[in-house]
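For clarity, chains are labelled A, B, C and D in written order, and residue numbers in each chain start from 1.
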Amino acid sequence: MAIGLILGTSRTKSNSRILADALLKGTEHQILDINEISLLDFEDSRHESVPVSLDESSQTLMNFLLEHNVIVIATPIYWYGIPGKLKVLLDRLSHVFRQPDFKKQKPREVIILAVGGDQPRIKGLPLILQFQHIFDFVDIPFQHYVLAEGNKPGDVSYDQRALAEVAWLREYMMKRENYEGQI
Amino acid sequence: MAIGLILGTSRTKSNSRILADALLKGTEHQILDINEISLLDFEDSRHESVPVSLDESSQTLMNFLLEHNVIVIATPIYWYGIPGKLKVLLDRLSHVFRQPDFKKQKPREVIILAVGGDQPRIKGLPLILQFQHIFDFVDIPFQHYVLAEGNKPGDVSYDQRALAEVAWLREYMMKRENYEGQI
Amino acid sequence: MAIGLILGTSRTKSNSRILADALLKGTEHQILDINEISLLDFEDSRHESVPVSLDESSQTLMNFLLEHNVIVIATPIYWYGIPGKLKVLLDRLSHVFRQPDFKKQKPREVIILAVGGDQPRIKGLPLILQFQHIFDFVDIPFQHYVLAEGNKPGDVSYDQRALAEVAWLREYMMKRENYEGQI
Amino acid sequence: MAIGLILGTSRTKSNSRILADALLKGTEHQILDINEISLLDFEDSRHESVPVSLDESSQTLMNFLLEHNVIVIATPIYWYGIPGKLKVLLDRLSHVFRQPDFKKQKPREVIILAVGGDQPRIKGLPLILQFQHIFDFVDIPFQHYVLAEGNKPGDVSYDQRALAEVAWLREYMMKRENYEGQI
């Protein structure tokens, strides 16, 4: 299946979920919900003499990346960056990107939807710059993101610009999938 | 006591610890070690109808901030940003900055020491921009940071520029403490 | 009149002009075209003992800012930043923002349209961060920008996402003008 | 000769000149002073059908880059970015980087010294990010920069941290030159 959605929110009725739904409603997609996996902290074992086997969360992350062509990360912006728990998961990329399987079969695009309460289109840019470096490093194309405004649950429904961008992205994804499906 | 060090590393012989030692050796300071506190994930309860009491980690973070004039955060750069577990702690600022005590008695300066393996002086800048927004928001002055290079444990000892910057920062902190101590 | 367009391009059939037309077609607006003013270099006379009178270009820039509620800057991205000649003009803000008239009667919003050939939505972000600091300093609200892709003249017509964002911005500006017109 | 200094200031007793002197005093180096070249605006002729010959300023810039191993750019920060006249010169890179000579014989390192009056170590970062993209594009290594504080002429002499960083950079350049000289 083509689309995998990583949900970085700890709320059930979250703004980032609303945005993800607007993008993916009616499409076939799978969800990796940060709330449904148990995360011990990432152990930095890059320099251990004995190779460390992938822990459960790293395995979950790797499988999810391998199984989808397009990865959408929908997340609130906490303190101008990636929420802690989502970052604990993404830190596991240190294990994942070393796996031979990952090198052979990466997603061909990643899309970021991020919702923040304090001028997200400006103050969310360090987050986008960080994701640029992350996806450059693991060599997954990243060119589309939406920075949306929302503080209280549901707020994002009033960010008409974000909704227009998501509507455009939805069309873009549909076209791309169909086109490639025909080949 | 004047100086509080927040250690964001999960390694025992870490590069960020080496840098922090170079800055603070022989000074009186206290350490908040991310490894020694147990962190459940941050619950985003900003919009609950009933105010939520501070959990243990939030209380620890708040007390640490209240008790020190200068906060040094020494951390590895994981995936071009704040390590997951440290971010889980810092996300608790959402509880802390709402406390009346915090508003009355903040640290008067924060200093960041960050060690990364991939061109940290360039690719570590989104991290610095993020910290700028964080400390602007909670209104704690932030002007000094060191971006150091290190991958394998001990590497940072070869980053002569970072060590020179830390040596200068050490002098700066000593002068400032003494000067203010005399008043 | 409400809208003033600053054109930062040296081409006649430029991508940034196409984008500006898409935004402003049919509206009443005035244009400050960087090609039609002669620019000597900005002289940094901030610290001269004798106050320096505004040169012609500074006067032109100030009048243009005073006479419009909304300023749109449409510009190519040259070397990941503001084109030299446009920057020579904007450097004159050092004279302009000191004028009492400017403090009393600023534009209430600025919008940036920037077109670049090398991943503008990512590599154009330092330009946006720079504009953020500029407009924070002179205290003019800045929240909307479009980063569009284009290299050869006319290219931008194929950037469907940028065109969708501009279409949204057009609606936003129209609504805002009407609403305020009724008050 | 090894070192070429590009001076981007329009003042004679400028802070960026003071910083450059601290770095290069007693070394053999040549200076390209932005004040001493006459700059017409850059013409964007990338897409003209007839190739355009290098204008005088582009030729000057190219020769300067070809003749030096290390390029130091010392510049004030104007409006959180590159001063207009310096940018008009640097925009000529569009001509220069297409020349076969340039591809064969580039500087092996560029160093930036930038002086600003408004929290340069934080608000000067978009400038550094821009230079990163510029030098990535033309494939010249860039890893060292100093962001110094200064507003009135001479101010930078009080920025002890910047002076310490420059002193370190001076040692670094000397060692590197000698080491390579011996080979």
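General remarks:
In this section, contacts are C-beta pairs under 8 Å (C-beta built on N, C-alpha and C of every residue); 3 or more make two chains touch, one makes a residue touch a chain.
What you are looking at is a predicted structure, and each value in this text was computed from that prediction instead of being measured.
Touching chain B and chain D together: no chain.
Bringing chain A onto chain B by least-squares fit of CA atoms involves turning it by 180°, to the nearest 5.
For chain B, the chain whose average C-alpha position is most distant is C. Chain A and chain B, compared by their mean Cα positions, are separated by 27 Å.
Between the CA-based centres of chain B and chain C the separation comes to 38 Å, rounded to the whole angstrom. In terms of their C-alpha centroids, the spacing between chain A and chain C amounts to 33 Å. Multi-chain contact residues, meaning those touching two or more other chains, occur in chain D at positions 125, 129.
The chain pairs satisfying the stated touch condition come to A-B, A-C, B-D, C-D. If you check the complex, the residues on chain C that touch chain A are 119, 121-122, 125, 128-129, 132, 142-145, 160-161, 164-165, 167-169, 172.
Contact residues on chain B toward chain A in their complex (touch as defined above): 9-11, 39, 41-44, 47, 76, 78-91, 93-94, 118, 123, 125-127, 129-130, 133-134, 137, 152-153.
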